[in-house]
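Heads up, the next two complexes both have chain A, just with different partners, chain B and then chain C.
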Partner chain A sequence: MGAGHAHALYLPGSSPVHRLPPQCKLVAVLGFVLLVVATPRERVWAFAGFALLLAAVALVARVPLATVARRVVIEVPFVAFAFLMPFFATGEKVAVLGLRLSEDGLWGAWNILAKGTLGVVASILLAATTEPRALLLGIERLRMPQLITQIATFMLRYGDVVAAELGRMKVARAARGFEARDLRATVVLARSVGALFLRSYERGERVHLAMLSRGYDGRMPLLHDVGATGAQWASAAALPLTAALVAAAAWMAP
Partner chain B sequence: MTPSLEVRGLAYAYPDGTQALFGVDLTVERGQRVALLGPNGAGKTTLILHLNGILQGGAGEVRVGGLRVDPADKKALREIRRRVGVVFQDPDDQLFMPTVREDVAFGPANLGLRGAELEARVTGALARVGMLEVAGRPPQHLSFGQRRRVAVATVLAMEPEILVLDEPSSNLDPAGRRELAEILRGLEVTVLMVTHDLPYAAELCPRSVVLSGGVIAADAPTLELLADDDLLRAHRLELPFGFDPAAAARRR
Partner chain C sequence: MTDVHVPDGFINAPVSLAAGAVAVAGVAVALRGARRELDDRTAPLAGLVAAFVFAAQMLNFPVASGTSGHLLGGALAAILVGPYTGVLCVAVVLLVQALLFADGGLTALGVNITVMGLVTVLVGYGVFRGLLRVLPRTRASVAGASFAAAVVSVPGSALVFTAIYAVGGTTEVPLGKVAAAMVGVHVLIGVGEALITAVTVSSVLAVRPDLVYGARGLVRQLELRTTPPTESASASGASA
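Now for the complex of A and B:
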């Protein structure tokens, strides 16, 4: 049971951003991302503006920029193909550092990279300032069906338990001399995954029994009310509203 | 006074045809602590699941504090599940909410409690097992002994008529075992304790019943029962090496 596994992305703190109700932050991030995506890619200065806005949020939330930079690495596999676009896209070619690259491809790559990175950084800031549990409460507050938030809540609770079980199975395999050397090992690994699935399924049944025994009737009792005041909505709206100004300017600029 | 638990002629076969209970009769008076002993496969878990109406459909009846367990009557069933507090063997099955406080609140909140009243129940139950200081923590970050104690608190918060414990001492280290025993001894509540741990039964429960082959095979004061070698052998019960019921009786 490694302490703190579940909160790997969360940076405890009490900044104004941390204190905002989760649903306000969720809506703000969603609005921001939509505005970024809707901005024409040729307005490079607009994206610099968006980046400055996020830097301001990070500053207020006291999330170190180095931490953000380290976590941005997660997007690399997703944007890898963006780097190939300038080489393979058709259209007019331009010379960059002695290479003949497609102009359309260059803009396409920039588009994906800039918008992707801004979206990822916004999500990183959200995750760093909001506990996973609070995020789920926020989603529930935004009228997401309870069934979905319940499933996510249970994943949060039992992720560590299942991972520990997987770890014990791995140790048990190793203790009997198993090494994943070649393709034949997949048979053994597949069986382990199957056994883990069955165990988790049985645990699910036992948990359900325990819930029934304490009067569960299909609905989780609402224990938290994470209501938001108008002022909190207004301060959360600062990010998407400023972003909207930048986006509008980008559209109207000649 | 109405007994906390009355089981009359309870018989049950699982849908696959395996008969688990063949007519169980058991009465537990209010405030008693009773150990339910028996070998694996004797039907102990099946019996527990009948006490709060999760399993049903066989012959016989169960009454909790005078109220009949009738799964067709949803409202009565809710009251039954309040009256019977089951602490399951694996605390990871029992503690499914993100924090200890929410988990302890789950039961009373299902009973309709809210606000200050709910908070008082949660605080009270956690205080009774000495776990108030971990209220805000996720259950997976507690030690096994702590989790077991919180599991007891989750049902205490429902103010049950009878506390049913499934193997309460399993996986506990000796200190955790003793701490749990001290807590259980201090609770003013009827206890039915299912266990293989015969010394633990001797320590906590003045009376024991043996469930074997789906019927109650013996019902006697615990130390007398444990002194009966033939009886223990007949039902695959064994005292640990070095444990002497006569010596335990003298220490009482």
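Now for the complex of A and C:
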């Protein structure tokens, strides 16, 4: 891929987590998150256990916790929803600080906060330790149709190019005194979107011709293989297996 | 506000998996359809359109005093590049957002693709084609149908999300109230989405009518007019 790709989440490194093949990490994270989601929300200690596991992964991967914390902000809209739940949910009411809150709603808010945050942190660690292109090779290894990963590759490759075009249009609009104030501004913005679509589509046509002239026949050549050994699968499995122990304990606990 | 990327733990595990199966089936159908339409152009064209949807979602537009929304783009993509490629593009955008940007939970990816990809495209494109069947064949009616498609697709996807929440939600909330609130808020957002969609479609239609998939065969194509060269014209052409 060309220069100038600012992928906010990827942190280059050579930790053991960085070196694991992408498909192993993908399976591990997916297994982990599924286990988290399936754990009963009343077992608060189990979620502390999951959080510790993720902290251990972050430590091994040398991903600074501040980086993780900054990115967790993406959850905010749903956190707001979670905070509303105790007020709207039905069921038994309990008094907290003089407010009559729904007990089920409180548990629901906790459930979303805990599971959502664990899921986001797991995804952040995956994205921070795996190159974007490697992630796509990883899902291709996991039997994702190649056409999907090709589309995703093109989207990644040209995402910044298209976004930069949008940025230049924004500068051009600002230079002409445009400011988005109310609904009428959408007409101007929509014309930019239309122009952006034409530029993107026509770029797609040119890219296709360029590919044809280089011998494209519907498949992308495999430049480096990301095959995984049994040992690599085993070390990646450490996370979901430990999480499975925690989840099993949570299910079995009285 | 419009950011409805569902995180993990919002919908329980069985329903998340079921939505995942629906999403896989939908994307498989879209994959087959897109390949039939675009042949070996599928990857670069759908990839660039996905990049376009991704970039267009960054564009914030003012909704009401102080609040702003951003485009979902399902209906827009479906009208511009067709329902199959549209589903494919939105699904890929969501996949990349979940994998690379931690936006939307991995276990909720199925829910997200179903709600924001399949539903917006199916509802949006369905409304669009249905209206065009009865409206006169003009640019204005294509724009009007795009508006209606987008304005219905956003609350439609909110309604389907509420239905999924009703089956697999992790907390009991009064569903009637939630559905009313979700649809009410999303009608407002839908108007912004619809305005952008309609103006975008009609501005593309003005320049490259061949690129608006949904209006193929409806609006007269631009044609290349040539007049046979006369003796004097070809002579002046040669000297020029």
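The criterion applied here is as follows: the second predicted complex is superposed on the first by the 247 of 254 C-alpha atoms of A that agree within 3 Å, B and C clash if a C-alpha of one lies under 4 Å from a C-alpha of the other, contacts with A are read in each partner's own complex, and residues count from 1 in each chain.
Operating definition for what follows: a residue touches a chain if its C-beta (ideal position, glycine included) is under 8 Å from a C-beta of that chain, and two chains touch if they have at least 3 such contacts.
Since the model is a prediction, treat every value here as computed from it, not as a measurement.
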item: Chain B versus chain C as contact partner of A:203, first or second or both or neither; value: both
item: First (chain B), second (chain C), both or neither touched by A:153; value: both
item: Contacts of A:64 with chain B and chain C, given as first, second, both or neither; value: neither
item: Winner by number of chain A residues touched, once chain B and chain C are compared; value: C
item: Partner chain in contact with A:221 - chain B first, chain C second, else both or neither; value: first
item: Which of chain B and chain C A:161 touches, first, second, both or neither; value: both
item: Partner chain in contact with A:108 - chain B first, chain C second, else both or neither; value: second
item: Touched partner set for A:40, first chain B, second chain C, both or neither; value: neither
item: First, second, both or neither for A:180, with chain B first and chain C second; value: second
item: Partner chain(s) touched by A:133 [first = chain B, second = chain C, both, neither]; value: first
item: Chain B/chain C common contact set on chain A; value: 153-154, 156-158, 161, 203, 207, 211-212, 216-217
item: Chain C partner contacts - residues on chain A that touch it in the complex; value: 7-10, 29-30, 33-34, 36-38, 41, 71, 74-75, 77-78, 85, 88-91, 104-105, 107-109, 111-112, 114-116, 118-120, 122-124, 126-127, 132, 135, 139, 145, 147-148, 150-159, 161-163, 165-166, 180-183, 185-187, 189-198, 200-201, 203-205, 207-208, 211-212, 216-218
item: Chain C residues within the chain A interface of the complex; value: 1, 3-10, 12-13, 16, 27, 31, 35, 40-52, 54-56, 58-63, 71, 76, 80-81, 88-89, 91-93, 95-96, 98-103, 105-108, 170-174, 177-178, 192, 195-204, 207-208, 211
item: Sites on chain A touched by chain B in the complex; value: 1, 3, 6, 133, 153-154, 156-158, 160-161, 203, 206-207, 209-217, 221, 223
item: Chain A contact footprint on chain B (complex, rising order); value: 49, 52, 54, 78, 81-82, 84-86, 88, 90, 92-94, 96-99, 102, 105-107, 109-111, 138-141, 154-155, 158
